[in-house]
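Structure, as structure tokens:
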Amino acid sequence: MKAKITITPKRAVLDPQGKTVQNALAHLGYTEVGAVRVGKYLELELADGDREAARRRLAEACHRFLSNPVIEDYRLELE
Amino acid sequence: MKAKITITPKRAVLDPQGKTVQNALAHLGYTEVGAVRVGKYLELELADGDREAARRRLAEACHRFLSNPVIEDYRLELE
Amino acid sequence: MSEPAITPALVAQHGLTPEEYDRLQAILGRPPSYTELGIFSVMWSEHCSYKNTRPLLRTFPTRGRSVLVGAGEENAGILDIGDGLAIAFKIESHNHPSAVEPFQGAATGVGGIIRDIFTMGARPVCAMDSLRFGPITGSSADEARLANNRRLFAGVVSGVAHYGNCFGIPTLAGEVGFDPSYEGNPLVNVFCLGVLRHEQIARGAAQGLGNPVFYVGPATGRDGLAGAAFASQDLTEASAQHQRGAVQVGDPFMEKLVCEACLELLATGAVAGMQDMGAAGLTCSTCETAARAGTGIEIELSKVPQRAPHMTPYEIMLSESQERMLVIVHQGREEEVKRIFDKWDLPWAEIGVVTGTGRMVVKHQGRVVADIPAKPIATESPVYEREAREPGYLAGVRAFTLAGLPDTTDPTAALLHLLAWPTIASKNWVYRQYDHMVRDGSVVCPGSDAAVIRLKADALPPRPAAGTETGGAPPTVEKFLALTVDCNGTYVYLDPYEGSKIAVTEAARNLACSGATPVGVTDNLNFGNPHHPELFWQLRESVRGLAEACRAFQTPVTGGNCSLYNQSPAGAIDPTPTIAMVGVIARPEHITTQWFKDPGDVILLLGPAVDPADPLGGLGGSAYLQVLHGQKTGRPPRCELDQGRTLHEALRSLIYGGAVKSAHDCSDGGLAVALAECCISHQVARETPRLIGAAIELGADGSGTVAAPNPPRLDALLFGETQHRVLITTTALDAPKVRAQAKILGVTATELGVVGGDQLRLRAQGQEWRWSVVELHDRWWHALARAMA
Amino acid sequence: MRFAILQFPASNCDQDCLHAVRLLGHQADYVWHKATSLGDADAVVIPGGFSYGDYLRCGAIARFSPVMQAVQRFADEGGLVLGICNGFQILCEAGLLPGALIRNRSLQFRCEQVFLKTAAHDAPFTEAIPPDHVLRIPIAHGEGCYFADEPTLAALETHRQILWQYCDAGGAVTEAANPNGSLRNIAGICNQARNVAGLMPHPDRASETLLGSADGRRIFESMAQCWARRRAA
């Protein structure tokens, strides 16, 4: 089993990296690109087993450790 | 339109961040988690229009600028 | 596992000539296996064997009263600094990896040199970096190229920052230059210095039959396969492409753990020998440790931690995965080793044993894959006397005169221009990204002629007896060291011999300005392909100049690095023998900085205003000629070593006398740039420079007229780069005394003016120019940030 | 007074903190991150550095170390805890201080001297700082931009928890003086109980005039003064 987690800065949090990427893209001629947000992506290998249990445990890990709820949101996918 | 890009370190390349996160997860009791890879995640707002053209342009941007092809792979999704 | 057959083509691919291959067979007494071929190819690459440079390097002065470990003996040289303390320092290049992947290339360069230092048993306490790139500003027609140069520059700087900052070492000084010759082949030279007690010197020798051999650090992957060989070829698209598959990624966190664990381990006395796995990884470290001790070594590759599945013996032996160490432990003390590695949560494995056979035996799952006599491969590598021929371009350089060059009519604009030229502009955009203050030793931070670091008791490695946590030792004497790294590649290009003397002299002068006496040098020879007779001539002449100058300043060369093959398809780089020099400052009161201190202080020029014997008046190869006239030519300024020595000794005497409030040498951009820097380089805090003006009168001083150039040229006076000049300030009261003293010490001291006001005012030849110090500062301070925006 | 200086594997200002505190004549001992007790410490300093490489997020891994559980208990009992730079990040991650420290606005690491205005003099970390005295202390961080949501910021202000703000040489809190984009120029804060504080600048690197400034001493002196008063009471 594999888990894919994307972690993005909350809307209210300034994202200078996103802004910089957007500007740089515009500079390179990609003016069609609007707002950019830059976050993190994690891929975790998991032993096969009970999907629901795995999801619960990982959600907890995301909340406690992998993301910081003060500044970030996360999305968890199992595949 | 929105583009989602995930950028991950190439398999052959050392990923100290992933290794450290894996160790930390094990310490916290999430021993079911095997290898971890840590990458970047980008979300781009795009004006609506020709999807195929947009994809081509973005793939080019990923290759030229958003990812570092020397050490990273990218995956691009349009939604 | 089927291994490729050894064919002439495969041998050639490994960079070995047919003669070298014959020699290899003679040593083995049979044809090599594939793994053995790989081992020979890296051990006999220029990077590891110095086969093209060894005869030249022998001409360097390497001995001296304070040399405890000399050049070439170990991973780094060691110098005594008194009171039972010693320093280990070395410089290393990571040019080609940085061309391929600037961030990781530079980062792993820092990691590599730090390992060289703690391998010696020293605690790394500071770093420096010397960088060269293609131009980052210029005509917009070249935008694509400029952008690529900027990308490399930004990537390298953040790579150095990433690694050094996380490891916790202050990057305290450096230099950055920009020139078209470095386009496509940037230079990334990194220096590290460590401190230890005399009795703590560790050796990279596999001593003691039966002693176990430990591997510590992260698992081995396919990173940097044959990086040493890569560094020993011209940089072509094909070689870069090949290397891309195997970029090394640095892990400074891991390095910190490895460093602390190794120092702690050394303190227990359980270690018989230690060696980092740098270039050529496991190959080089096993072979060299055995060769040094005159022993043999046997390792089993299946015990080596591996990151990737199905790695071949060839790959494991040649991998350059970072942050790994080889530790040879006294038999019976394995438990202590394991306890310390476990304390630091470090991966480790026992992979082999020291033998008495004199052979390096490599097994893979019990099968012998390499069996080579260790000493011959490490020490009997081929040595070449390459053909040298004076380059054709030098005729034109020597023929250059000022005849066709109109004198400056607008010094005001010229100075502003020079101050904003990236090579001269403030490098704060660079060093503010480096943690240059960590560990409470940075007394003079980047921004003055030389950096000054204080060493206190906690800078030392843990003591044998204490053995436990760091910091236990009672405070011993404090020590002050000054550091600088210098090289003007343009001068070396225009005259390799003279230019190389200048590099050493400038370093010594920078140290003298800070109040220090130089004690030693480490050099990084960045040159082009030695098979090219004209490029080899550059190298030979340069080494001649370096050796002579190091003798003159009594600074033994304690080690260094050769980086040849620095050329892109467009041609070779300007020859760049980077000189890192370390000095000792006897007392904290002697520490001197370059900026003007107080209004009313008198400004004195030590040394000649213009070299009367130089027909170009110091304009040959100058920044002025390049920036204002677009010409990179002419003989560089002359460098009389005696004159330099007299100046530096006089300056130190004056500093010891307590009268010198600031001292700044004249280098790139000449007198005008040096004066401006004295006015604007004192940074107090964010957005808060401490600016102070000055009123200068050139040539109308009652006591000692500034010698006018012949013919009298204003550009030579203001922007010429005549050597052996230092600007100092004293109180008005001290000025006459200092002038008299300077005279006794054999140096002319000319009163140029006084400090004060909010303008730099300069009078010469009946004219006056004024600059607001705010504007000077703005141009100089923000130039790099603007170029990089 | 006895300071415990925490040591994580990649702490790199542990020595600096020990040195600064000892210069003031106090005792200081290292406490290893795997330790479960702080011994008989009177105050805790969490030094700067990269704790566990600062992978994922600065301080994210360190907060789960055994020693941080001990720090949590120590703080709950009213003990003085100061987090410097990475120490501040760890305290925020651990929830001992509100908010978070994110990437500098410039996206670059910044090492330079800054000026600090002390916004509240009535905390154990600021009481020895003379009123109107602008502190000059270096920063060295890549992720020092203080962020908290509006209600949290409002609460910080209501309870006078903002201890230091980036300012110019004259003490004015300006945009130009803000080195990292921190909201309200926040350089350091304390908790509501006022016994736990964190700041991004390094007082440990500003404890000797030889190194350019001794202003950082005032912060350690404040802690000592408060501790002595508490003990007398």
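Quick notes on this one:
Each chain carries a letter (A, B, C and D) given by its place in the written order, and its residues are counted from 1.
We adopt the following convention: contacts are C-beta pairs under 8 Å (C-beta built on N, C-alpha and C of every residue); 3 or more make two chains touch, one makes a residue touch a chain.
Bear in mind the structure is a predicted one, so any value in this text is a computation, not a measurement.
If you take chain C and chain D together, the chains in touch with both are B. In whole angstrom, the spacing between the mean C-alpha positions of chain B and chain D is 34. Chain A and chain C have Cα centroids separated by 41 Å.
Chain D has its Cα centroid 29 Å from the Cα centroid of chain A.
Within chain A, residues 40, 65-66 each touch two or more of the remaining chains. Listed for chain C are residues 251, 253-254, 345, each touching two or more other chains. Along chain D, residues 52-53, 55-56, 60, 64 each make contact with two or more other chains. All chain pairs that touch, listed by label, are A-B, A-D, B-C, B-D, C-D. Looking at the complex, you find that chain A touches chain B at residues 6-8, 18, 21, 24-25, 28, 30, 32-47, 49, 54, 57-58, 61, 64-66.
In the complex of the two chains, the chain B residues touching chain D come out as 16-17, 20-21, 24, 27-28, 38. Listed in rising order, the residues of chain A touching chain D in the complex are 9, 12-14, 16-17, 20, 40, 65-66, 68, 70-71.
Per the touch definition, chain D reaches chain C in the complex via residues 7, 9-13, 15-16, 18-20, 30, 32, 48-50, 52-55, 108-115, 136, 138, 140, 142, 166, 168-169, 176-177, 179, 202, 204-205, 207-208, 210-212. By the touch rule above, chain C contacts chain B in their complex via residues 100-101, 104, 218, 221-223, 244-251, 253-254, 307-308, 321-322, 345.
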